[in-house]
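Next up, some structures in structure tokens.
What follows is chain A paired twice: with chain B in the first complex and chain C in the second.
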Partner chain A sequence: MDREFAYSYNNYVKYGNGWKDMNPISKLTIAVCLGISSCVIQRWQFGVVLCIIGTLMAVYTKIFRKYLRSLLAIAIPLLLLTTILRQLQYAHTPGFTPLFNLLGWQWYKEPFIMSMNVAWYIIGFSSVLLNYFLNTEMKDLMLALENRGVTHVASYIMLSSMQSIIDMKKSADTILESQKARGIETDGNLIVRMKAFFPTLGPILLSAMSGTEEKAIAMDARAFSHEGGHTYLRVLRPVPVWEYILDALAVLVMIGSIAYAVLRAMQRI
Partner chain B sequence: MAFIELKNVSYKYPYTKEFALQNLSCSFEKGKFYGIIGENGGGKTTLCNLIRGLIPHFYLGKLTGECLIEGKDIRDWDTAELSSKIGYVFQNPFTQISGIKSTVFEEVAIGLENLGVPKDEMIERVINVCEQLDIGHLIKNNPNELSGGQRQRVAFASIIAMDTETLVIDEPTSQLDPEGTENVFKIINTLKHSNKTIILVEHKIDLIAEFCDEILVMEDGTVAFAGPTHEVLTKRELLQHEASIPEVAKFGLAMEDAGKHLSSIPVTMDEAYRLVKERKGR
Partner chain C sequence: MAKKEMNKLTWFLVPIGVAINFIGGTIILLLKLPIYLDSIGTIIVGALCGAWPGVIVGLISNILTAITSPNNLFYAPLNMAFGVFAAYLSKKGVFKKFVPTLLSSLGFAFIGGVIGALITWTLYGFDFGSGTTAIVVLPLWKALGSPEVQSVKFFIQILGEFACDLLDKAITIIVCYFILKAFPTRFLSKLPLGPVYISDEEKALED
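Let's turn to the complex of A and B:
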């Protein structure tokens, strides 16, 4: 047996990178505050800065590939859609500064900036949240919440639902595989795949549901409802002061952004 | 007074017509090792569910008769309290993994977390149990990706780690190969010497014969035979029942039929060897 591994549970939960090792709730506070700031400011400059920071973070925390894949899936359609829609919307509005001419289609500067503002506030927001979710294990978040008084029942429901989704995906794959083996077409266009997939839903849901009763009993056998003191094998590091300072800064940024947005709105009136 | 005492117990699962237990009476004493055998559907698992209080607290249905644990009616027990007193290893290994832990080590520790065992002690206990159950090499694995046999051992370990005074174990070896089975029985043997009360449902009759102090044979929801191992396993009537008796006991009975009596009917290999040798020497 790997005793070193066993005794590593004596230490606090540690991943070895500063951002990932932060308390999930401190991290969430920062991510949410910056995300909200991006949404209320709605300036492309802010979004771009957030996105640059987020991307550097993703490189530092070694999640860059996953991060980039998800971010591009959001950013590319968003950028294309908003720019084109805004140009079409304001195509015949007089008084805008011409930007360039694309094969006879005149683009203007002001609608272009409007579209950039919209697209980048969403991209900035996504970048921050992706950094959060790709760098936070759900079990750590639940553990942090339990430390703050959330019951272990809530935590169990959350975590086991996530596992059931994984299990359901697994059984769907198994069923699809066996359908394939029996010569039923499972690859191809969307309709073919739908046709193969829908009949599997029944058995998948049934097997997921029939397991829950026995699971509940099995958890009961592990003294799940035992009262009086719960201890933890995995323990999160006590929150250091600097995390509180970072959280406070993030809250300040958010308050500043809200103030800025309010002032801007008042000026317009 | 017996530790567990059942008198004229009948039970019907919800929405079923047939009784799963019928007019069953039996008792279990502290510190003894009981084996329960009998045909499939005979009510062995249902009896375990009752002793552990899942009936009537979890499975509703209709329960009549008296079922006392330490003199207190099962209906009056709090299930949380029972869970720290009576450990229960279930028959189906697939539903015994919590689904909320990402390593086997954490999985085995769940019961201890719930019981509030201090962390240092928790780690030591989990290490010991994993070594005992020969799952030391699995501690880093994801429990949701184990095979049936591995799950069965992990589930078994999780319950043993809780160190309850009483253990109810329902077919712990159904998914195991001969080697794994022998291993589980080694553990059961060490548990036996730790003065625990053990109630074991198992089909492998030779193993039952070797380890158990007393045996209950279940049939159609009731106890057909009960008593000390040797007494029960050498009963001729058992030959007519579907419950199996050890091959060596059948051999002893056949010798008797042929007029070549051994001095007693053996139930284990060692015993048979000794008796045959003794007969030769006569």
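Let's turn to the complex of A and C:
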């Protein structure tokens, strides 16, 4: 039993899901290439396709709820505000095609398409990136980067930042509750709430900053600055050939999108 | 050896800077205040440790917020520029006195206005953005007779971003000023730009 447990650290990290099990850098390449494609094409059709792919992937990887919550938080304000802004902005511009009348407010086709193009390319970009971030453990990404020669300090900074946020949020809640208990008002008008801000933030920041020195000493005692090779409790599987092929396809899509955008820009000129 | 020690402490301060950026935003959300305060950590680390650590704090903060809101990635250069500007001002000793510190918020808001407008402008297909700045930008544009000249529209976008950023940056800078004041000399002396904040009397005492 003990031996089995010890040897389990030699096994590759596995989540039992094709996309999740991919090497984090391969996944990142795909997500970034598709995201850049969405940005350079700037067409609502491409954004919608990316969003559909992203949503299907989210269902497949069982992150749908988290994905949907984050995507809707981006998509709904973006779609609504951009559409309303462009309609207000170009309300009296001559030459635009009337679309429909909404309780006396005339909408036009061209500004509507403009807003859809902008909103959907950002939603498409967000969809692929959300899929990446929600399906990738940051420690796996940093391990993959370390395997490619990135310094362990970068891993420490990234992972420690995430942990510090969690720790500091806890301490912010505690301090806010303590300040409330000693009589500081945190509800009320803007000035009352503003006054509560400083006694809450001050202690959190100063205690976190001054704790850094002890952390530095503690980390040094654990050979943080050791220059030699490191050992890991996680092992990523070797990158299979099909992942390289997928990456190459994603790069091709990106190059194609850039070429399309350049050609379109040249036609306009 | 001493320099290496200093650098090490800087690396350990970067995650704290990132967390401070988050916590500023969280407390603002808890207290329902109409500002962001999401660059306190960047400015403090930039002011104490230099431009590069400030840039790293800005970049990582935006990468981590991108986990739930990927379009924040586009605005990473903005946060990174705050780190560089904070280091520059810190070297000049601006954050040592209250009035110059408060005035520096104009500089931060200007950077926020220009770089923020550049990003928003590009992001929204070379047109006005639909964020909170639209509340200022659209009425201003209409008041000027809705000119269709791109440079004028871009200038209006800069003004909008500047106006929306000014209050936020002024409060951010005041918070940073008091935090920088509160650091003990023993801690400041170990940071690359820390000695800037140690008074002559304290330096004489140390000698």
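The definition used in the following text is that the second predicted complex is superposed on the first by the 242 of 269 C-alpha atoms of A that agree within 3 Å, B and C clash if a C-alpha of one lies under 4 Å from a C-alpha of the other, contacts with A are read in each partner's own complex, and residues count from 1 in each chain.
Note that a contact is a pair of C-beta atoms (placed from the backbone, for glycine too) under 8 Å apart; a residue touches a chain by one contact, two chains touch by 3 or more.
Quick caveat: nothing in here was measured; it's all calculated off a predicted structure.
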item: Which superposed partner A:M194 touches (first chain B, second chain C, both, neither); value: second
item: First (chain B), second (chain C), both or neither touched by A:K215; value: both
item: Chain B versus chain C as contact partner of A:L206, first or second or both or neither; value: second
item: Chain B versus chain C as contact partner of A:N10, first or second or both or neither; value: first
item: Touched partner set for A:S225, first chain B, second chain C, both or neither; value: both
item: Partner chain(s) touched by A:I36 [first = chain B, second = chain C, both, neither]; value: neither
item: Which superposed partner A:F133 touches (first chain B, second chain C, both, neither); value: second
item: Which of chain B and chain C A:V253 touches, first, second, both or neither; value: neither
item: Which superposed partner A:A172 touches (first chain B, second chain C, both, neither); value: second
item: Contact breadth on chain A, by residue count: chain C or chain B; value: C
item: Overlap of chain C and chain B interfaces on chain A (superposed complexes); value: 156, 160, 163-164, 167, 215-216, 219-220, 225
item: Chain C - residues contacting chain A, complex; value: 8-9, 11-16, 18-20, 22-24, 26-28, 30-34, 40, 44, 56, 60, 64, 66-71, 73, 123-125, 127-128, 130-131, 134, 138, 141, 146, 175, 178-179, 182-184, 187, 190
item: Touch list for chain A against partner chain C, complex; value: 35, 42, 70, 73-74, 78, 81-82, 84-86, 88-89, 92, 114, 117-118, 122, 125-126, 129-130, 133-134, 153, 156-158, 160-165, 167-169, 172, 176, 186, 190, 193-194, 196-198, 200-202, 204-206, 208-210, 212-213, 215-216, 219-220, 225
item: Touching residues (chain side chain A, partner chain B) in the complex; value: 1-3, 5-7, 9-10, 139, 152, 155-156, 159-160, 163-164, 166-167, 211, 214-235
item: Touch list for chain B against partner chain A, complex; value: 52, 54, 58, 79-80, 83-84, 87-90, 92, 94-102, 105-106, 109-120, 122-123, 126-127, 130-131, 136-137, 139-140, 144, 155, 158-159, 162
